[in-house]
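Below: one structure, written as structure tokens.
Chain naming follows the written order as A, B, C and D, and within any one chain the residues start at number 1.
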């Protein structure tokens, strides 16, 4: 078995063992749970240390349509760097969960599902085969369903879990059909070969990447398939950290990056991506501004940040997207785990129950502040560099250096800069409502979380602080991501910030901070029920456009089945009996009538025969 | 070749055993179920013998053939054999029969009478295995019919609810279907002068005139479609499932439904290729309607067993879609889908039967919530089977459906655009399938448990279900195990169609 | 034998036609009269006319058998039957059932089909009735030389019919 | 003499007999109709016998047999009628409907 495959199998084995030995002690379950991703992390690190790698594709199985034992894996800078991040975040989430889920009766299955989730994400990351990719992609959807629905006694959790699964599954119609088109037209399931073949034909590229984009919109929570993500808050905080940072949402962006040459061959799809990303970016940020729940603020911020990545992909810079994906993973995991720590301490995630926690939870305060600064994009945190790289890519596109039209670059640039301002405002609002000001909510003693929970925060704060420097020309990241790429991309994205973009973003940042400071947030937290807070009615749109019509269809079909089909079938039976009853009436025992009938029939038969013979 | 006795032995052993039970009288009641397990185990061993003797590198041709003249006046031969198309189904039948026998040992459904129940199950086994082995049209028909009577008794005597009505609907509907099929067979036999399925498939059938082929194909397909069941001939299925006892449902969904699609691949496609090429797009349309309709109707059902029954309509829709592509990928996918559906739906019905045994109902209105809490292992298995059934990649249910779609992208028939529309609609059906299974899990598995605890999965249940669970995972991870057997045989079938293509 | 059309009758034809007319007309009366006793009497006329026809056809022995058995035995038996079942004397309306139209159609159609067939097949065929009549001796020779076995079988049949009739008409009390 | 004349007579008698058989309610009248039909058949038997004129006299012999059997038939028939009359007090054919299928 090859190293990348081992990396996938280890957490999967941990998951299976965790599920099979459901009744084992908590300590054993925790050990297995941490061991899985940690072992994968070690493998990933070893793999990274081996650079440069021999061949991009490590082929460990049959491929071809009828031998779907798809174990072909790909080892390149893109895969290894993202795999490192996934393993790192997943390990920390598992460690954190030991403390966070201390009182959870179903801890072992929970931990097993997280391990499975990690394995599935790693499968997507290292997949060198489309079918392998699909397996990881869908299993991830299943795990998100299971984990969001962890507290399935609660109505909210059940609803959110089903919603997450179904909304992403709707996108997966496109994804599956897209993969079918890709396999069908190229005749291979190996990703590099299929992508190369598809990118040489712009029609195929447009159809396949457009369809796959649908799946990406679902997984990466982009408009209009984004509404599951804020609801996914019903899951425990570590799960949110995992979903929002390392797995699930990252998978969408990652898959576009993996199939990027094909997307580059279709400016139409890239343009659509850009428009969608702009809508999502700004809309989600504005919505985040009015949320009344800490985790929902972060959730909408994830939607908005993911849009940055999609926008980067749309304007032709895969590396900027991946860069932002990685740095976002660190700070967003940090933010969610920190939010989880607050919830753990306060017992609620509503912003009306927090405030003034600075003194009682110093470690959480420090790390969360770092995370928020990174989210806003303050120099020299990682968020600054990665966001700059997106802006630089947009600037490039605006100058007409990319496959998309310049106006797309301008659009992305403008919206991204405006979004920076809004981001700064909502981050500041969240920070102030959580940490400064008077303490709201029920009075209870607040303590810092145990080390098993705050150590992961600190560990995540390190890359949040320092990861950005890897993007400078002296840094390793640009070379890393490009390393061993099966198809060297035409534009080795420059991830270094430019002067113009720095100026723009700093201005926007200052405006945002100004707005944030002037807002009287604590007096108007709201109950999260306003039109804006509920996500501009997208849920209602789902309801009216998809759910209700479907339910009507279900009712029609059910009624049609019992009313028409069922009745037709029983009608045949009833009709047979009824016609028998009717014919029975001729059996009245009158021999003369019988003979008359028989004779008449005989005559008719004879006449017919005679006529037939005569003619 | 000295191992030719294997296939007849597979039929004779359960047949003799059921006769023994019949003769044994009342004193057999106490040991009948164990006897059933023993006989099914012998069957399983014989099956392993078949697997061992089977030459994988010759999967395209018939193996272990037995041929004896039977009724020369009617051209009927007693002709058995196995190839890549039938081998997986025969293995599945043996396995599910064994699982059902093990399950029956401690769970004889009301009103008892273990001797009769086991005897009928063994007789059912004879019919099922015979159908998959027969290489003679009349023999095929005979075994096809042998299945009906035991099933009728199973539903009518050991069933629940409106069992008589359901059993009567089942038998009348399917007999109607088989009679129609028989007429089709007779047309083929009369026009070609042979009932030998192999000879017919290898070019004898193609010699029939276009109209005769079309008539025969429509009749045979009509009969098989009832069994499959293809929309709109599915009405008997939900009723039969709801009323049938657990083992009845398992065998009904697990094996009985496969006889229809097996017959299409084994008989209709290679024997009547010209007609099949004409019919294929319509078949595809019906298949896709079935997929969507099954999913929507599932969502609207108020009974767990009916939900699964309608889900079968959807799954068999994917199988039909695969067949209708007439391509190598599509037909392989169909055969795989057959097996996967047999395993997964068999497991689902076992689990639902377990739930029914514990709660006494399968109606949503009266089922307690929170199975995950009251019986975590049973709840897990329900979730597992449901997830497998909704086509989760990595489990067996996915490959049949996905590769049907791949097949539909490149059908062997010329209507490419039409098939691509069908492809997209079928993909929509996959999502809808997720919706109704999640509804089931949400209603049954999740929620605050209204009942503190329930007996969790017992040892005998584990024993009879584990093979199915294991196969679901194994075939999900290594579908090639099935494909390497089916592929050469499917290529033979598709080759015979190739000549009929414009 | 020269071919002759039906429209150019010979003398024998005319005699036969007259007798046939009587037979048919009285047969019609049998099936249409409202008095049951009249029906029996018309039957006598009809059967007698048929016997005449047999004579014209040179079937002398058959004609006598007809007279003896039919007129002598059958009709008498029928009369006895009427008496025993208290058949109404004088006209009664309920002798004919409600089946008249269908019956009429069936009978007319049957007659028409058979008639057309007969005329079509034998319209111009002549028979020779000038030969020796089949007297009792001729028929006796034929019956007892060639038809002995059926004749004997018939006698057994008659015997069993006799026994049967007795067994049937015995009243329950005597049984 | 024309062969068709006796044949037409035969057809006419047979048809009239059929009519009587179908419409007459009184069983004795039905029996009479049967006699008419038998006579019709006999006429054609005799006619064809004369037409063929062979030594066996098959037609005429058969006619005699028919006459004899008719006598036996009348005997048996009347016995049945009497039984019927004794049991029901009526010999109307359309009242003897014991084999009728009662609507369920």
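Some notes on this structure:
Note that contacts are C-beta pairs under 8 Å (C-beta built on N, C-alpha and C of every residue); 3 or more make two chains touch, one makes a residue touch a chain.
As the structure is a computational prediction, the values presented were derived from the model and not from experiment.
If you compare A-B with C-D, the chain pair joined by more contacting C-beta pairs is C-D. In terms of Cα centroid distance from the overall Cα mean, chain B ranks first. A straight line joining the Cα centres of subunit A and subunit B is 36 Å long. In this assembly, the C-alpha centroid of subunit C lies 8 Å from the C-alpha centroid of subunit D. Computed from the mean C-alpha positions, the centre of subunit A lies at a distance of 95 Å from the centre of subunit D. Subunit D has its Cα centroid 64 Å from the Cα centroid of subunit B. Within subunit D, contacts with two or more other chains are made by residues 18, 22-23, 93-94. Counting partner chains per residue, subunit A shows two or more touched chains at residues 590, 592, 596, 599. Across the assembly, subunit B contributes no residue that touches 2 or more other chains. The full set of touching chain pairs reads A-B, A-C, A-D, C-D.
By the touch criterion given at the top, residues 581, 584-585, 587-592, 595-596, 599 of subunit A touch subunit D in their complex. Against subunit A, in their complex, subunit C makes its touches with residues 97, 99, 102-103, 105-106, 109-110, 113.
Within the complex formed with subunit D, the residues of subunit C that make contact are 4, 6, 9-10, 12-13, 16-17, 20, 23-24, 27-28, 30-31, 36, 39-40, 43, 46-47, 50, 53-54, 56-59, 61-62, 65-66, 69-70, 73-74, 77-78, 80-82, 84-85, 87, 94-100, 102-104, 106-108, 110-111, 114-115, 118-119, 122-129, 131, 134, 138-139, 142-143, 146-147, 150-151, 154, 157-158, 161-162, 164-166, 168-169, 171. For subunit B in complex with subunit A, the residues that touch the partner chain are 169, 172-173, 232, 234-236, 293, 296-297, 299-301, 328-329, 332, 370, 372-373, 376-377, 380, 387, 392-394, 398-399, 402-403, 405-406, 409-410, 423-424, 427-428, 430-432, 434-435, 438-439, 442, 445-448, 477-480, 483-484, 487. The part of subunit A that touches subunit B in the complex is made up of residues 19, 22, 62, 65-69, 109, 131, 134-135, 137-139, 142, 145, 149, 152-153, 158, 162, 165-166, 169-170, 172-173, 176-177, 180-181, 183-185, 550, 553-555, 557-558, 561, 565-566, 569-570, 573.
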